[in-house]
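Next come two complexes built around chain A: one with chain B, the other with chain C.
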Partner chain A sequence: MTNFFKAVYNLIKRTLAVIKDIFVPGKIIIKDGKEVYPPKPIGPYVVIILIIVVYFAAKATDFSIPVLVRRMLDFKFGPFSLVKRYFPPDWSFWPEIIDPLLETIQMSFLGSFLGAVFALPAAFFASSNINKNKILLTSSRLILSLFRTLPIIIYASLFTLIFGLGAVAGTIAITLFTFSIVSKMLYEKIETVDLGAFEAIQSTGASKGKSFITAVLPQILPSYYSMSLYSFEINIRYAAILGYVGAGGIGFDLDNVMKNIRLNDRVVVILFFILIVVVLIESLSRFLRGRLG
Partner chain B sequence: MKNKISPQVQEMYDAVPKVILKRTIIFLSIGIMLFWSFSALEFHSINQNGLQVVFNILKYFVWPDSQGDLSIFQSIVASFKYFLSPSSYPEFDSVISRYLFSLEDYHVPYLMYETIMIAVIGTLFGAFLSIPLAFVSSRNITGRFVSILGTFSITVIRTFPIFVWGIIFIKVKGGPFAGVLAIGVSSVGMISKMFIEAIEDIDKGILEALDSAGCTTLQKIRYGIIPQLSANFISVTIYRFEINVKNATILGMVGAGGIGFTLIDAIGSFNFGVVAVCLWGIIPVVLLIEYFSTRIRTKLTTGE
Partner chain C sequence: MIKFENVGKIYPNGTEALRNVSLEIEQGQFIAIVGLSGAGKSTLIRLINKMHDVTAGTLTVNDTVVDHTLTGKELRRFRRGIGMIFQSFNLIGRTTVIKNVLAARVSEKSFFTSLIGWYSKEDKIIALNALDQVGILEKTYGRVDQLSGGQMQRVALARTIAQDPTIILADEPVASLDPITANQVMSDFERINKELSITIIANMHHVDLALKYARRVIGINDGEVVFDGPASAINNDTLKKIYGRELTDDDIMDT
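The block that comes next holds the complex of A and B.
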């Protein structure tokens, strides 16, 4: 009997030692007598915090795997019941969505173009190595990050109040969004360029703006074009949902056919066309960005 | 007067590639695209009261209680009193800014908590789904055919707008649960794309070295593959979390939980005080998350 207790005691002791080793590893003595301290572990602590957070998150969002599995296997009312409604798709519908699709492309092209154009001067003011004025620098960066905080669709719905329903509100929302992300990427790029030429031109008496145009701009132009193309590429996908708040584009039709049970067989058609446009524009933009280097 | 140019310089000038034609074509095509795009805009529909609306939004954004009888000072005092003990100040029901401080259900802190939690568990769910998908679609692991199939399905997932996923998953369960699933599945697109890039960059030399040292497969995975991928995976997941918080704020528009429903409902009914309160809830949270995510990610990529 005592042997048994001893064994249990030893087991608990060893487990505790292992646990302690995971969280606070002691020094290790190598054969030749040297002492080595292993690096401080953060992994286990992060895992514990993550488990606690996930527990509360699951509680707050009603997330539970059993419900998920049960509903996924429920072919009558679960998500797979939609397959019956969406298939077979009504392909004869496609001529009606060409116009909204083109409008989506137009909105995102115009928005990306205007946003990228406005981003250049903003990046000039927001890069710390060019703009030495602390107040101007901080305020321009603050404004840029404030613009970045809200999702594009919230801007779009606010702009529909101002500009009315339609593509104008969507275009302006895309412009604002592109402006904020391109100028952020651009000022981060400007902060890494070589400023030797910039200072040399300034020393001849040129103004800051002029020396920026002659010395810094040629260095950043390829990445600037590439960023603008990239933002065009992602804007297509954002433009596809702006119609949900009435800001133009294919989203309106998508929302309509998803809500209306009688039109449900058109959902796949619209998604298919969105897929084609997105893939086409992404490969075009990849190709052009590859050429830019 | 003719400038004299030395022949070498002239030669160099002549050697510069002629790009005028190329540039003209590029400028012309951009110009045509712009002209065509402008045709989509119909300015006649601009709201006559547009400026008034802008003014109102800004006014309420600065002070959500602009409409009420209380002054700014009284309103702040009322909000804080309400925050300290909600039951004893029923007369301040009309104070909109108290929604920002009250911890009750369906007020701003609760909604933001729900939004963040949707993003947390959705991102983890998405990352969890992405790992097998990414390994399957990596060219250096499964070969050409399967990887093309995998990347194509990832592209399909990525191009579906997030609302589509939201509406599909409402069939599982309405509310935040649908939001979690929508966020999870829609993040699979980006996360697994980045994971694939990391996996395809694996240095095989290390695996060969471990092989030559006589390691088992499990040891090769533990010491050869996981250290090469973990920093990248964590960094991508954190970056996606940042995006997902923003996505979670809008998922409420299709009834998938979070602050989005309250916000879009308030915008639709011109209730700018509530809009402002919601924005005051979203903006600081997103800024904070962005700040910490950037710091953690730079630490991960540059190594402590």
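The block that comes next holds the complex of A and C.
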């Protein structure tokens, strides 16, 4: 019996030692008495804070399993009620969604293209290894991070106020969104690039801009294509919801047929076509990225 | 002519890399700068094309005073006349040999034509001639990443020739090459120096190579010039002064 208690005692002692070592690692003594002090870890504290935050977030949003289950099984308003209203779908409606669908693709293509084009010069100014002017660097980064603060749907509704309802507002919103994420990904990429060639071309008397185009661009081009295609891939999905705020595309029609009980049998048709387009564009983009990357 | 008058260099972080350097280098000389790692060789070379700024004394290169007033367009025009070769070759990866050599011409081109990567026929002829001069014309349309170290350094040399400089600065040009290739590249330098009468200033860690190819040797120890004279005047005592110790195997390429 005493052996058993001893074993438990040892186990607890060892566990406590491990925990202590995780949170406050002690010094390590190696041969000839040299001491090495490991740095204070932050990982374990981050995990604890994460657990606390998740707990409170779940509490604040009333996230409770029983409520979820009750809602799922509610035949009047739950998911099953949707099946009753959405099926059978009215497939004959499909010719009417071709135009808004094409508009959605156009918005997303044009917006992605323009955003990616503008992102290149922006990334040039926002790369700390290229731009040595502290003021220019800080201000360009500040502007880029400001652009990233708002979600795309808010930009879209703001732009409908300026440019009126329709695809122009949506396209500009997608341009801005693409610009803000591609420029960030790009300057982070540029900061990892070997600048030897850039220095060499500058030493021939070429300006920074021309040296960048000549020596840095060829190195980042595959990543740049890949980032731009990837944002096109994401944007097609965003473009499909921008219509909710009147910024053009298929979202407007989707919103309409969802709200209007008599048109509910069209919902599945629209969703099906969006699915097809998203899958097609994703495969195309993945194919091209594989080729260019 | 390059003229250092009591030139000093203190980096922004306070490191004094060069102290009271006075030198005169006539057009067409082939000079090796030798010294321990950290002695200030790279710093000296980089002052000449203003990759770093002089912090004391006066530096004059081909009648241009290289000081803080030399900036912008003027600096870029000044740099066109000075080529630079690096230990790590500093080629543009993922692209062809000819594109790398043509890159030496972008300083003369408009922003737009460099953006679309278009080069004139004259530029192409200059580039091809430069490749021919270093003997790798047959690699013109191959990718640079597929070349050997020696070939890469030749492409870099061709790039510099295509720039049509009066001076070539070479920072440890053969330190990452094997002895045989190193000798071949040094002979290229020698030939270019003779045929085109371009001034060549090469930092060399390896004393034997320096003595073999350069006619004038400048020894630097801890930021100061401790020897300046013909290669033939170098003996064990002068080497000890430059290196502050007996030579080790590391200091000799052994060919």
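The definition used in the following text is that the second predicted complex is superposed on the first by the 235 of 293 C-alpha atoms of A that agree within 3 Å, B and C clash if a C-alpha of one lies under 4 Å from a C-alpha of the other, contacts with A are read in each partner's own complex, and residues count from 1 in each chain.
Basically, contacts are C-beta pairs under 8 Å (C-beta built on N, C-alpha and C of every residue); 3 or more make two chains touch, one makes a residue touch a chain.
This structure is a prediction, so every number in the text was calculated from the model and none was measured.
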item: Contacts of A:279 with chain B and chain C, given as first, second, both or neither; value: first
item: First (chain B), second (chain C), both or neither touched by A:237; value: first
item: Partner chain(s) touched by A:165 [first = chain B, second = chain C, both, neither]; value: first
item: Partner chain(s) touched by A:205 [first = chain B, second = chain C, both, neither]; value: second
item: Which superposed partner A:60 touches (first chain B, second chain C, both, neither); value: first
item: Comparing the two partners chain B and chain C, which touches a greater set of residues in chain A; value: B
item: Which superposed partner A:197 touches (first chain B, second chain C, both, neither); value: second
item: Chain B versus chain C as contact partner of A:213, first or second or both or neither; value: second
item: Common interface residues of chain A - those touching chain B in one complex and chain C in the other; value: none
item: Residue ranges of chain A touching chain C (in the complex, touch as defined); value: 194, 196-197, 199-207, 209-211, 213-215, 218-219, 221-222
item: In the complex, chain B residues that touch chain A; value: 30, 33-34, 36-43, 45-47, 50, 53-54, 57, 113-114, 117-118, 120-121, 124, 155-156, 158-164, 167-169, 171-173, 175-177, 179-181, 246-247, 249-250, 253-254, 257, 263-264, 267-268, 270, 275, 279, 282-283, 286-287, 290
item: Chain B-touching residues of chain A, taken from the complex the two chains share; value: 50, 53-54, 56-58, 60-63, 67-68, 71-72, 77-79, 81-82, 102-103, 106-107, 109-110, 113, 145-146, 148-151, 153-154, 157-158, 161-168, 171, 237, 240-241, 244-245, 248, 251, 254-255, 258, 267, 271, 274-275, 278-279
item: Touching residues (chain side chain C, partner chain A) in the complex; value: 49, 51, 75-84, 86, 88-95, 99, 103-104, 106-107, 109, 111, 114-115, 156, 159-160, 163
